[in-house]
Amino acid sequence: MKPLKKVEIVVGAKETKQVIEILEAQNLAKYTIIKNASGRGDSWERDGFGLSDVFHNNYLLFACTEVEFESVKEPIRILLEDTGGICLVSDVMWLNH
Amino acid sequence: MKPLKKVEIVVGAKETKQVIEILEAQNLAKYTIIKNASGRGDSWERDGFGLSDVFHNNYLLFACTEVEFESVKEPIRILLEDTGGICLVSDVMWLNH
Amino acid sequence: MKPLKKVEIVVGAKETKQVIEILEAQNLAKYTIIKNASGRGDSWERDGFGLSDVFHNNYLLFACTEVEFESVKEPIRILLEDTGGICLVSDVMWLNH
Amino acid sequence: MDQSLIIDNLLNPTILFFFLGMIVVWIKSDLEIPQPLPRLFSLYLLLAIGFKGGVELAHTGIDLSIMKTLLFAVISSIVIPIYLFFILKKKLDINNAGAIAATYGSVSAVTFVTAVAFLQNLEISYGGHMVAALALMESPSIIIGVFLVRQFDKSESQAAKRIGVRETLKEAFTNGSVVMILGSLIIGILTGEKGAEALAPFTNDIFKGMLCFFLLDMGILAANRVRALKNAGPFLIIFSILVPIIHGVLSILISMALDISEGNALLLAVLISSGSYIAVPAAFRLAVPKANPGLYVPMSLAITFPFNIILGIPFYFYLINQLH
Amino acid sequence: MDQSLIIDNLLNPTILFFFLGMIVVWIKSDLEIPQPLPRLFSLYLLLAIGFKGGVELAHTGIDLSIMKTLLFAVISSIVIPIYLFFILKKKLDINNAGAIAATYGSVSAVTFVTAVAFLQNLEISYGGHMVAALALMESPSIIIGVFLVRQFDKSESQAAKRIGVRETLKEAFTNGSVVMILGSLIIGILTGEKGAEALAPFTNDIFKGMLCFFLLDMGILAANRVRALKNAGPFLIIFSILVPIIHGVLSILISMALDISEGNALLLAVLISSGSYIAVPAAFRLAVPKANPGLYVPMSLAITFPFNIILGIPFYFYLINQLH
Amino acid sequence: MDQSLIIDNLLNPTILFFFLGMIVVWIKSDLEIPQPLPRLFSLYLLLAIGFKGGVELAHTGIDLSIMKTLLFAVISSIVIPIYLFFILKKKLDINNAGAIAATYGSVSAVTFVTAVAFLQNLEISYGGHMVAALALMESPSIIIGVFLVRQFDKSESQAAKRIGVRETLKEAFTNGSVVMILGSLIIGILTGEKGAEALAPFTNDIFKGMLCFFLLDMGILAANRVRALKNAGPFLIIFSILVPIIHGVLSILISMALDISEGNALLLAVLISSGSYIAVPAAFRLAVPKANPGLYVPMSLAITFPFNIILGIPFYFYLINQLH
């Protein structure tokens, strides 16, 4: 088992692509996405209904080393400043296979 | 980055509204919901199939301060005692933007 | 509140049944599954589209004691070696009801 | 009994697709109708059946005989949960006794729709008010079931504090399937002939096909749910077959006495003998969370429902024909 | 005004299902059309309306009068966001002013489809090129709205850096609903009569029924979204009703001057008076993330849209009839 | 070659919607058919084609010529994976060689359905037993592919321990699409003429429209999947076009020798030349997890499938016409 950082991000469905572009820019292209999340925060409620993506959130999760996380931390912060959402970081052990 | 508590709750789809009411009663109305979870616990299996909500779970996640969590801890415990489900709490760092 | 291990596993949709069989073999049949996850890792991209399950991932989560986790750790590792995917373990507090 | 009725029913594509669904589970095929497609079919069927019933009802109007039928339907949905509760209470805890009693006092819309298709095959007509009966029978037994549980359960339940009488009433009468069928019925009444014709390709022509799809899914579901009854013991299994037979036969006898037509008598028998697996679990989950849906849903869904659509419907119809 | 027009419209099953949806929310029923079923209905309607328009257009060909109509449609979608922006700027911040202006410059396909069903009921024909108008009117106001915001917003927005002019253009013109309707239109043009006939049971016969289902969902959605406007203040509420009336009436007057037929004039009025809630929020979320979709989407979806389909359409039609 | 055949095919709405799907990806539109709607269309098409085939088959009965055709179909699905495996083994590792061999031994139901629509356009009949051929050809090559991999792979694979011969057989024969088509076929056989008529609006009338929707999604999917082949090298790309041509032509020659009718010969050519992208990946994921679905799925789905429906079908048909 190897210690890693687990990063969880909730953003609007439209904005997910921009998060992934940030990851890819740092060759950090390992992630899992769960679509169709709903929720509330500081901005308008995303109830998950309607035809437009702006009322849907996505949940994105990736595990990486602390160094890797540092490389995307600032761009993610700047993006979320603009788009809203939340980014949570925690310690995990990776069962390496 | 700011330390917060991450609270994860899995409950039946019908009961999610009651969890949110508990949060709202404490002005804790920031959360993310992922619908259509399935699972098994002590009670009947929720396989995610069928027309009735009683075989579907929801996954609810919210990040808050320790003090905030303390304010909803007991009502959540009492609710889950009745409805089943699970509530897990862990330490996270919030990338504040 | 009681300390537990939270185990998160992302595997291909087809492989989820094998993970559950591992859990059941150790009488660890309490878990939550979120279907329809997408993602990228070392192997081909699972974009969540198409008629075949091989482009879909599932997210599986279970909370258990450290001892219980040790009993499934090796079989899970062996399975993931074969099928790909990721297994992350972290510390949580369980709000026992 | 005329066996050809049963065999004809079995060779109906709708029933055959139900069997296909059960076979899917037995051979452990990975065929599934992913969520929320089953909801699409079920919403469609409620809309179609409700709308057609309304159009029909606007045509015939309401007379004394219709009122009689509706009254009979509602009374049955009040009496059944009461008498069943006191029987079940002897074998089960209060919570589950109340839930099962409410289940069999309420109705299964899918069974109703399957019976409608059965009648259509034989070109036997039925009244639009039967859809109203379906809608009226969903909720009363829920109220009664919850009331009985609260009356006899001495433990200070948290749920009872949270979910009072008003919430229970609200939950029982605003259940999605009740609203969908009642709403479509009223829309059917308000819409004229011309409006109905414009909708007919949607509500009538593709109806049978949508039902096939839906029963395929119901077959998969029933075969999966039946497993949950492994440890339920013989009493509940026998209950789930005996109760529909008794209710069906009684309903037919009363229908004869009330001079209710062939088609309507069949639908009444099907309504009264069927058990709910949508409205009841939804309301009981909130009001009586200690009742176990892993028990009462499989009973109605995995035993009573298949029994009714495979054997019950042709049997009730045979009986009606004999008595007419 | 001839009240029977409004009442006839209200007794249309499509509109009745919209009401049913609103009632569902008011009585707090748990009835819902789960995702992504609403997308199925909306994709279907775009495909059907686009395809039928294309087939029709291939039949009639393009002449000067059609070019005139299309030009009028596009110009309106350029002029409207500009003039609205400068009005809105006085009451709101730049970002939201731009978004609301773009919203009302663009169009609502669902309102268009509902108006088509209204015409079909009255057996009044309309031109296939009106579908082209719908497609052409979706994007221009988006470009203009974003341009105006960027022009007047002096803050160094991060989004402006990330999403340049080219991305905005791309986003505006490749929005899913634009592509679906335009694609189906072109396919309709390329397909001959025979191909169209083979598709007719799908694109024509079940059209009304699918619209009922979709409007049921839109009713639920509108009634839910309207809550977000609780704190929006009277200006925006009045704006959401007054703007469609003004635009509708003006459009009808110009249509008369341009000698546009009854059916086409109604559809133009509906296009010009309606507001977008799909293409505009999608593009603005990327290009102007500081604009609040919790504001401009409910305005067009929860006020303008219900107003238009319930009262607007019969009113515009009445007016057109009076002036003809 | 008669170019008008290709052009006629290209101007078919079904094929045009497939192109629209590819364009959606090229212009980076956000148009998507969200999950699980594609499953709805695919389940529908399997049900409709299976049921119609069964009704037809009940009508014609089974004779020697039908047995001959079915035998030819099954043998081809056994021979093809074997010979392909030994060719592929020279260029690729054992696991992927086996998976690709199985892919092209098995069949693509969507290609079959598209060919059926092609025949319907030309009003050329085909036998109900061709649906049986489709069902019979899905599984054998899977068994053979897995068997060959296990035979030649000397590494002690964990998967081989977990998933034995029995599991592989089960997986191959109980795949959802096999069960759906075979089940619907048998239901079609059991249902009489009258039952079939009642289902016709669903299984026949809206068939073309559903196919359009589905091919739109397949176009999006194919254009997305093709990217995965960027680094695959020219061998596999050429393989994915050459193999269907060779198999199609050979199949046509044998069909002529066996005196198989025009329509049936086309469907056979399409079955034999197409590659699976549902049943094969499902089974190989379990039995041979080291094979890369990111390789063999795009080959059949993003190259062979588009080639077949755009050029292959009219070309095979031209050839059949020339030889008849």
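Just a few scattered comments:
Here the chain labels run A, B, C, D, E and F in written order, and each chain numbers its own residues starting at 1.
Rule of thumb we're sticking to: contacts are C-beta pairs under 8 Å (C-beta built on N, C-alpha and C of every residue); 3 or more make two chains touch, one makes a residue touch a chain.
Given the structure is predicted, the values throughout are model-derived calculations rather than measurements.
When the partners of subunit A are compared with those of subunit F, the chains appearing in both lists are C, E. Under the touch definition stated at the top, subunit B and subunit E share these contacting partners: A, D.
For the pair subunit B and subunit C, the fraction of shared interface numbers is less than half, so the two copies use mostly different residues to meet. Across the assembly, the mean Cα position most removed from that of subunit A is the one of D.
Relative to the C-alpha centre of subunit E, the farthest chain centre belongs to C.
One finds 33 Å separating the Cα centroids of subunit A and subunit E.
In this assembly, the C-alpha centroid of subunit D lies 40 Å from the C-alpha centroid of subunit F.
Computed centre separation for the pair subunit A/subunit D is 45 angstrom, with centres defined by C-alpha atoms. Looking at subunit B, one finds that residues 34, 36, 48, 53, 78, 81, 90 touch two or more other chains.
In subunit F, the residues that reach two or more other chains under the touch definition are 30, 35-36, 39-40, 201, 205-206, 282. Shown are all chain pairs that touch, namely A-B, A-C, A-E, B-C, B-D, C-F, D-E, D-F, E-F. The touching residues of subunit F, counted against subunit C in their complex, run 35, 38-39, 42, 157-159, 162, 220-221, 224-225, 228, 277-278, 281-282, 285-286, 289-290, 292-295, 297, 301.
Of all the residues in subunit D, the ones that touch subunit E in their complex are 35-36, 39-40, 43-44, 47, 51, 170, 174-177, 179-180, 183-184, 186-188, 190-192, 194-195, 198-199, 201-203, 205-206, 282.
Subunit C makes touch with subunit A in their complex at residues 8, 10, 34, 36-42, 48, 57, 59, 73, 76-78, 80-81, 86-90. Those residues of subunit B lying in contact with subunit A across their complex are 1, 4, 6, 29-36, 61, 63, 90-95, 97. Those residues of subunit B that touch subunit D in the complex are listed here as 12, 14-15, 18, 36, 43-45, 47-55, 78-79, 81-84.
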